[in-house]
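The letters A, B, C, D, E and F name the chains in turn, as written, and every chain counts its residues from 1.
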Amino acid sequence: MHDHGTDMDAFQKERERLNEVVMSYAGMPIKRFYSLDAQAYREGALPVGTKEMLGLVASLVLRCDDCIKYHILRCHEEGISDEQLVEALTIGLIVGGSITVPHMRRALDAWDSLKNGRGKAKAERSRK
Amino acid sequence: MHDHGTDMDAFQKERERLNEVVMSYAGMPIKRFYSLDAQAYREGALPVGTKEMLGLVASLVLRCDDCIKYHILRCHEEGISDEQLVEALTIGLIVGGSITVPHMRRALDAWDSLKNGRGKAKAERSRK
Amino acid sequence: MHDHGTDMDAFQKERERLNEVVMSYAGMPIKRFYSLDAQAYREGALPVGTKEMLGLVASLVLRCDDCIKYHILRCHEEGISDEQLVEALTIGLIVGGSITVPHMRRALDAWDSLKNGRGKAKAERSRK
Amino acid sequence: MHDHGTDMDAFQKERERLNEVVMSYAGMPIKRFYSLDAQAYREGALPVGTKEMLGLVASLVLRCDDCIKYHILRCHEEGISDEQLVEALTIGLIVGGSITVPHMRRALDAWDSLKNGRGKAKAERSRK
Amino acid sequence: MHDHGTDMDAFQKERERLNEVVMSYAGMPIKRFYSLDAQAYREGALPVGTKEMLGLVASLVLRCDDCIKYHILRCHEEGISDEQLVEALTIGLIVGGSITVPHMRRALDAWDSLKNGRGKAKAERSRK
Amino acid sequence: MHDHGTDMDAFQKERERLNEVVMSYAGMPIKRFYSLDAQAYREGALPVGTKEMLGLVASLVLRCDDCIKYHILRCHEEGISDEQLVEALTIGLIVGGSITVPHMRRALDAWDSLKNGRGKAKAERSRK
């Protein structure tokens, strides 16, 4: 019913379409900002996974669903574990308060869907 | 056409599904936060209705539609009157400015829909 | 596929419906706020187009999609050029950071759609 | 050492001086906003004390120390009890998270100081 | 008593000292961000004065006193008139609400001080 | 001239005094929130240092100077290196934009001061 894998594909596709629109209008500063943004998340003194969790928590407390979804995808690609992700989100929840709860819910739903039906939530539900 | 009663049911159902996903991943701190959140709105020196209006105005100025919808539901259950609700929203609007207007619109639309077609907006429209 | 002209019409129509709901509940302060809001954007020492760009950038950094869409419409009506719009959005992006990117994307997509298929993005895509 | 009564007087005096500066520059819309702001907190379907608590919680979650201090003063004038004030602040804390803690601290310090040395905090300290 | 000219000098001096601290730690991305920031406010399709007002209104609604003070200085250097400045601040006030009032007060106080005792506020006071 | 070591001591002392004020008024929910807050930063699947950087970046993008100062202190105690700290702050800067710059400046100034005059900024200045 909730075919999240497909949701994530649609999210990525729409994101690409919109970035094309941006690039067709962008002057030099916007292009430089995009490149700077990519640079900030590259491996350095901190591993990429940690940087993606930093981006995720910043996005959670600022409550931007698109940004959260993107960093959830990247955390998944970087092999962040369930426990690490939940601890990062917990810090966002405590810092940002209950106003972040709807975003945390969607973050964990996206995370769960990336596991393609092998996620905890589905297993839990099937046990009921 | 705008079958809001159904919208509110769908909102509640999706909220429950997502809370299940959260609980399947949550460690102790997230569970404690949920319980603390419930505790803060219980009857005390302030009546529950006042607390729900405090939660509503906080959600309006922070501009979280899901949080607003939830407190609108709770204010309705607690028997807050139209006049009380509008005065609370007015304070949110003045504190938070025109950036809160789209959220105030949806707040009043949800409120109107909870009256199931017996709301002011519908009556007003039928007079035209 | 992305019939944005229609999207903008639907956006305007829903906005009107919701404003009617607001007005059916509003007391004097909400009505006065609406009138004050209109007054602030009228021609004065600053031209209307500049005021709409100020409203657009304020809406971008506060990340309100409905407000952004409205000011995009108004900027278009006031004859703001592509270059002026992009420079205004760039300031919003630099002040507000990457968290504004998803909103800037949708802003430029709405702008592009207002040109009804004669916009840059479509031309660009057709060249590929 | 912490002569807060004097602090509150200085706060009020500086606030008045700055409002005079604003009024010397303000056009009609700013003057109307000030009058609308006053109007929103007047007795209506909700008592003034409740409205001041709504303003306080909105100011806490938006984290504006000056606004918080002003509503603390007004809540004190309206005879809000310690228990009511703490319950209102608790909702702000839960909604807004730990980022509101430094502001809640200063809110309660201002509240304590309004009791002019007869407050709980002083008594507590003298017992140590 | 309020020797704001000196305040503005002190503000500029501390800002420079802190920027030196930043530069002593900064890697390439921070340096690039600083340069991008400068680039965004340069003359283009929009005049520099308009860009500074865009930066000012963005800073007002996000409520950053340091950023506001900086753009007030720049607006003054660019020859923005009292009327233009007040109209820009009015849009920030309406979009951002009463939570921006303490910041608008300080913005106008800084503006008034830049006129070095020849400002409106002082004249007004001397008439009383 | 800038005796930051002393500043940090004064910051800690005032923080303790204010927490005493809070505790003298706090009911159960505030006490539980404080304990939950402490719990969220404890060693788990993520090391304490990483959690403190998550708290720092969340505080930077939400622009709370007191929160930033506290996490700067904790990052220092946990042995975070200059390079790690700067990379974490860079992500906050890119996500949150130039509005975070004044806070990043003060963050790095506090960091520099914790090194007690043996910091980079001082060395840099002495070379001039």
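The criterion applied here is as follows: contacts are C-beta pairs under 8 Å (C-beta built on N, C-alpha and C of every residue); 3 or more make two chains touch, one makes a residue touch a chain.
Everything numeric in this text was worked out from a predicted model, so none of it was measured.
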Report summary line: Shared touch partners for subunit A + subunit E come out as B, C, D, F
Requested in this report: Sort out for me whether C-D or D-E is joined by the greater number of C-beta contact pairs.
Outcome: D-E
Query - Self-contact between copies subunit B and subunit C, residue sets same or different by half - result: different
Query raised in the report: Rounded to the nearest whole Å, what is the centre-to-centre distance of subunit B and subunit D, using the mean of the C-alpha atoms as each centre?
Result: 25
Report summary line: Rounded to the nearest Å, the gap between Cα centres of subunit A and subunit C is 27
Report summary line: The distance between the C-alpha centres of subunit B and subunit F, rounded to whole Å, is 35
Report summary line: Multi-chain contacts in subunit B, i.e. residues touching at least two other chains, fall at 27, 29, 33, 36-37, 40, 44, 58-59, 61-62, 67, 83, 86-87, 90, 93-96, 98-99
Requested in this report: Please give the residue numbers of subunit A that touch subunit C in the complex, ascending.
Outcome: 15, 17-22, 24-27, 29-30, 33, 37, 58-59, 62, 64, 66-67
Report summary line: Seen from subunit B, its contact residues with subunit C in the complex are 2, 63, 82-83, 85-87, 89-90, 93-94, 98-99, 101-102, 104-106, 108-109, 111-112, 120-121, 123-125
Requested in this report: Spell out the part of subunit E that touches subunit C in their complex, as residue ranges.
Outcome: 36-37, 40-41, 44-46, 50-51, 53-55, 57-62, 67, 81, 83-84, 86-88, 90-92, 94-96
Requested in this report: Could you pull out which subunit D residues touch subunit A in their complex?
Outcome: 61, 93-100
Requested in this report: Note which residues of subunit F are touching subunit B in the complex, please.
Outcome: 27-29, 32-33, 36, 39-40, 44
